[in-house]
Amino acid sequence: MIRFANVFKEYPRTGVALNDVSFSVNKGEFVFLTGPSGAGKSSILKLIYFDELPSRGDVWVSGTRSKGVTRKEISLLRRKLGVVFQDFRLLEDRTVEQNVAFALDVIGTPPEKIHPKVSRLLTQVGLSSKSTNYPRELSGGEQQRVAIARALANDPFVLVADEPTGNLDDRATRGVFQLLRDINAAGTAVVMATHNIDLVKRANLRVLEINRGQVVFDSAEEKRRAPELTP
Amino acid sequence: MIRFANVFKEYPRTGVALNDVSFSVNKGEFVFLTGPSGAGKSSILKLIYFDELPSRGDVWVSGTRSKGVTRKEISLLRRKLGVVFQDFRLLEDRTVEQNVAFALDVIGTPPEKIHPKVSRLLTQVGLSSKSTNYPRELSGGEQQRVAIARALANDPFVLVADEPTGNLDDRATRGVFQLLRDINAAGTAVVMATHNIDLVKRANLRVLEINRGQVVFDSAEEKRRAPELTP
Amino acid sequence: MRLAVREAMLGFKRAPVLSALSITTIAFSLFAFGLFSLVALNIRNTLRAVESRVEIRAFLAENAEAEAIAAAMGDIGGFKEVARVEYVTPEQALERAKREMGEFKDVFEAGFLPGSLDIRLRDGFRDPTTVKRVADRVRTYAFVDDVRFGEEWVQKLYSIRNIATAAGIILGLAFAAVAIIVIGATIRMAVMARSREISIMRLVGATDGFIQRPFLIEGFVKGVLGGALALGLTWLASSLISRYFIRTEFFDARLAFLGLLGGAVIGVVGSAVSVGRQIRRVL
Amino acid sequence: MRLAVREAMLGFKRAPVLSALSITTIAFSLFAFGLFSLVALNIRNTLRAVESRVEIRAFLAENAEAEAIAAAMGDIGGFKEVARVEYVTPEQALERAKREMGEFKDVFEAGFLPGSLDIRLRDGFRDPTTVKRVADRVRTYAFVDDVRFGEEWVQKLYSIRNIATAAGIILGLAFAAVAIIVIGATIRMAVMARSREISIMRLVGATDGFIQRPFLIEGFVKGVLGGALALGLTWLASSLISRYFIRTEFFDARLAFLGLLGGAVIGVVGSAVSVGRQIRRVL
C-alpha cells in the first residue's frame, strides 16, 4: 500500500529533513505520526501524496513508484488519496460547499451526484449550517472541518491528515477522530500526523515517532531504536 | 486596559457571534480564552485589536474606544499591541528575518536597531538557524514561532495570541508558554485563546470560557453562570 | 467541458479589471496592426490607381501627315506592352491645357500647342525600364518631335511603393510580436493570480489538461473579443478618415474574419504557452 | 522614505511583468496622445505656412497706365491689412506661367498674359472675410480687370483647420481618459496582488500614508518611465515620417518635459486614487 525504502529528503536551502526513513503501511491500517516540531512529519506526508519526491530512496504508494513518476501518474494517484493539509488550503473565493464539490468536479464526478454527496459530507463534519459561507467567514476549527470533508469526498483508499485537530477543542477533536476511525473501519488506511499525545495514548493504534528526520520508534516493531545524530 | 461592555457582534452572513459579552483585563494580567470551536474566541481577539468593531456595545483598549474610532487611531493602537494570528499571516515573499523586521520598520524603528533586535527575538523562539528561510520552507510549528517573534517585536503592552501552540508539540508548547509567562512577568498583559485544556489547568491563571458567543465562566468571578441560550 | 467553461467565466468575474485590460491590450495591438494594414492597403490601392495613369506622350511635329500618324498608331497599338493609343489634335491639346491650368483659363486666348499620341500601357508593363523601352521605340518615328513620360516621376512612384511595402512588413511584424508578448504577459499574470488555486487543483488530483482548459477558453474568448474590438476601432478610424480626409477602403468580410480568427489563435496560443510553463512550476 | 523606496523597488522586482505592462500601457497611451499632438502641431504649422501665402491677385487691363498703377500700389500698400504689393508685368506673368506649367514650357511659344498686382496680407488678416473685403476694395480701381483670391480655397483651408483642431481636442481628451483608466486599473491590479500584504501591514500598525507611499513612488516611477518611453516612440515615429514622407517638427524641450511631467502626474494621481480606495476595503 505505502512503502518507504531508505528515503532521504534534502531541501535546497534547509538541508536534510528526512534521513534514511523506511516503513510500510498496510491496507486498512491506522498510523499516527508523532514527533517534535520540525521533525519531518509533514515531509513524510508530502512524500506520500507525491508533493515532494525523495532525494534518495524510493516511495511506493498503491503501486506508483516515486522513481520516474510522470505528472499524469501523480494526478491519477492523488484521485485515490484524501489529504488534509496543515494549513487547510481552501479556495478563498468559493463557499464551503463549492470547496468540497470542487474536489469531486476535478475527478469527473457526474454533476447530479455531487450535491447529495457534498451535503452528506458536510453533515458528517457538523458544518451543514455553514455550507454557503466563505472560508474567511469561518472559525479556525470550522475551516479545518471543511478541509476534512473535502479530503473524504472521493472515497480515498488512503487518508493523509496533517494535524487535523490542531485547531479543534477536545470535543470536536474526539468527533473528528471518531470520523477517521469510522472511515478506517470501512477499509481506508489513515496516516495522521499529530501533536495530541493524549489522543495517541488513548487510541492504542500504531505510532510512528519521528525525530530529526528519522523513525525513532515504531510501535509495530515494538522496539525503540537509538536516535542517530544527523551529521 | 481592556474593557468589553455589553458587546454584541453580528456578522453579515453568519449571524450573531458574540452575545452580550462584558469583561475587563487589567494591566499585566494573563488571561486564557477557552471554549469550543466557533464559540467566539477569535472574534473577541479581533475586537481587541480592532480588526472588527462591535455591532453593539463598547470596547476600550488602552484608552481607545471602539465608538467613533478613526483609521489613524487604530493604526496607532496596534503599534502598542502584539498579535499572533491563528493562521500566522506571514509574508510569503520575505524571509523569517524580514518578516520580523517588517513589524519594526512599520513603526519607524531606526534601521541600526532593527537587526540586533530581530536576532534576539529569533533566538528567543529557537529559530535563529532559519532566519534566512522563507515561510514555505518552514514546518507548521516553525511558522507559528515566527509569528510569535513578530508579535513581540514592538515590546507590546498587550499580547493577543490566537491558538499560539496549535501546531506545536508538548515540549515546544511549554517553551512558548514559558516565553509568554516571561513577557507577562515583565509587565505585558497576555490574552491567549487556546484549546489546550492541559495547559490551562496546569497554569492556574485566569480563565474566560466562551460558549455560543457568551462568557459562560470567568475564574476571576469564581462562579459559573448558566449559559443562556441564544434566541 | 461544462465545468471548464464555468471556470473560465469565473475567471472573468473574479478579475474583471484584469480581463478587461487583457481584452483592451489585445484589441490595441490588433488595432495598431489593423490600422497599419489598412494604411498599406490604401497606399497600395492609391498607387495602383496612380500607376494605371502612367502614359507616354509623343508630341508630333507640326507637319506630320495624318496617314503616317494612323500607320504609327497601328504599329504602336500592336506592341505587347501597349494597351491603347490615342491621337490628341492641337485643338484638343489646347482645350486640355486650359482645363488643367485652371486659374488662367480665360486669359489663355491665343497660343499653339502641338498634337500628340497618348500611349497607355498594359498592367504589368508600367515599371520604369519597360516604360523607357517603349518610349525609345516611339521616339524613332520621324514625325515625333519629342517623347515625354516623366522618367523621374515613374521612378519616384516605384520607390515610394517599395518603401511603403517594406515599412508595412517591418512594422506589421513588430506589432504582431508586441501583441503576442502582451497577450502572453497578460495571461501569465492571470495564471499567477490563480497559482494558489492551481496548486490546490493539482493536489486534489486534477490533470494538467484539466487545469489548462479554462485558461485556454478564457484566452480564446479574450482573443475573439479583442479582435472584435480592434475591428470596431479600425472601422471607426477608417470611416473617420474617409469622412474628413481621403476616401479609404475597409477590409472585406474575409479579411475581417481572418482578423477575428487571428485574435483567437493568438489568445489560445499565448495562453497555452503561458499556462503550460506556469503549471509546470507547481510540480 | 528609504523603506518606501525599497518597497517600491521590491514591487517592481516582485511583479516584473505587471510593472513592464503598466509602463508599456502608460507609454502607449501617452504615445498615442503625443503622436496626435504632433500631427496637430504639424497640421497647424503647415496651415500657417500655406496661409501665409494667401494673396490677392488683381489682373490689370491691357491699357492700364503706369502712373495710375503706381498710385494704386501706394494706396493699397497703405491698407492696414496689406503687407506688400508687387507689380507683375505681362512678361513676368508669362515667365511664371511657363515655370508653373512645367511640362509644356517649350511648346509655350506665343500667347499673352495680363500683368497683375500681387497683394500679400499681414498676419491676422488672412481669414476669409478680411480677404474678401480687401479684394472688393481693390476691385473698385478702374484699370483692374479682375480680382482673384481663391475664395473657395481660403474657405476650405479654414474649415480643415477647424476640423483638425476639433478632432485634436476630442481625440486628445479621449486618449487622456483611456490613459488614466488604464493606469488606474494597472495600479489597482498591483494593489490587489498585494492585498494580503497590505492587510498584514495594517494589522501590525502601519498607517494608511505609510502603506500608500511605496505605491505612489511606484506610480511616479512608472509614469516617468512610461512618459520617457512614449517620448522616445513619438520621436522615432516623427523622424521616420520626416525621413520618408514629409518634414515634420518635433516637440521642443519644454513640451517634452511637460510630457514627462504629465506621465508622472498621471502615474501618481492614478495610484493615489486606486490605492486609497483599495486600502479602505481592508478596514
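Letters A, B, C and D name the chains as they come in the text, with residue numbers starting at 1 for each one.
The rule is simple: a residue touches a chain if its C-beta (ideal position, glycine included) is under 8 Å from a C-beta of that chain, and two chains touch if they have at least 3 such contacts.
Since this is a predicted model, take the numbers as computed values, not measurements.
Undergrad: Starting at subunit A, how many touching-chain steps does it take at least to reach subunit B?
TA: Steps on the shortest route: 1.
Undergrad: Let me spell it out: compute each chain's centre from its C-alpha atoms, then which one is farthest from subunit C's centre?
TA: Farthest from subunit C by mean C-alpha position: B.
Undergrad: How many angstrom lie between the centres of subunit A and subunit C, each centre taken as the mean Cα position?
TA: That gives a centre separation of 63 Å.
Undergrad: Averaged over CA atoms, how far is the centre of subunit C from the centre of subunit D? Could you give it in whole Å?
TA: Going by mean C-alpha positions, subunit C sits 26 Å from subunit D.
Undergrad: Calculate how many whole Å lie between the centre of subunit B and the centre of subunit C, each centre taken as the average of the chain's C-alpha atoms.
TA: Roughly 68 Å separates the two chain centres.
Undergrad: In their complex, what parts of subunit A are in touch with subunit B?
TA: 11, 13-14, 34-39, 41-42, 86-87, 130, 132-133, 137-142, 145, 162-163, 166-173, 195, 197-198
Undergrad: Please output the residues of subunit A touching subunit C within their complex, sorted ascending.
TA: 49, 51-52, 71-72, 74-79, 81, 83, 85, 89, 91, 93, 102-103, 105-107, 111, 150, 154
Undergrad: Using the touch rule from the top, collect the residues of subunit C that touch subunit A in their complex.
TA: Within the complex, subunit C contacts subunit A at residues 2-3, 14, 196-197, 199-208, 210, 280, 283.
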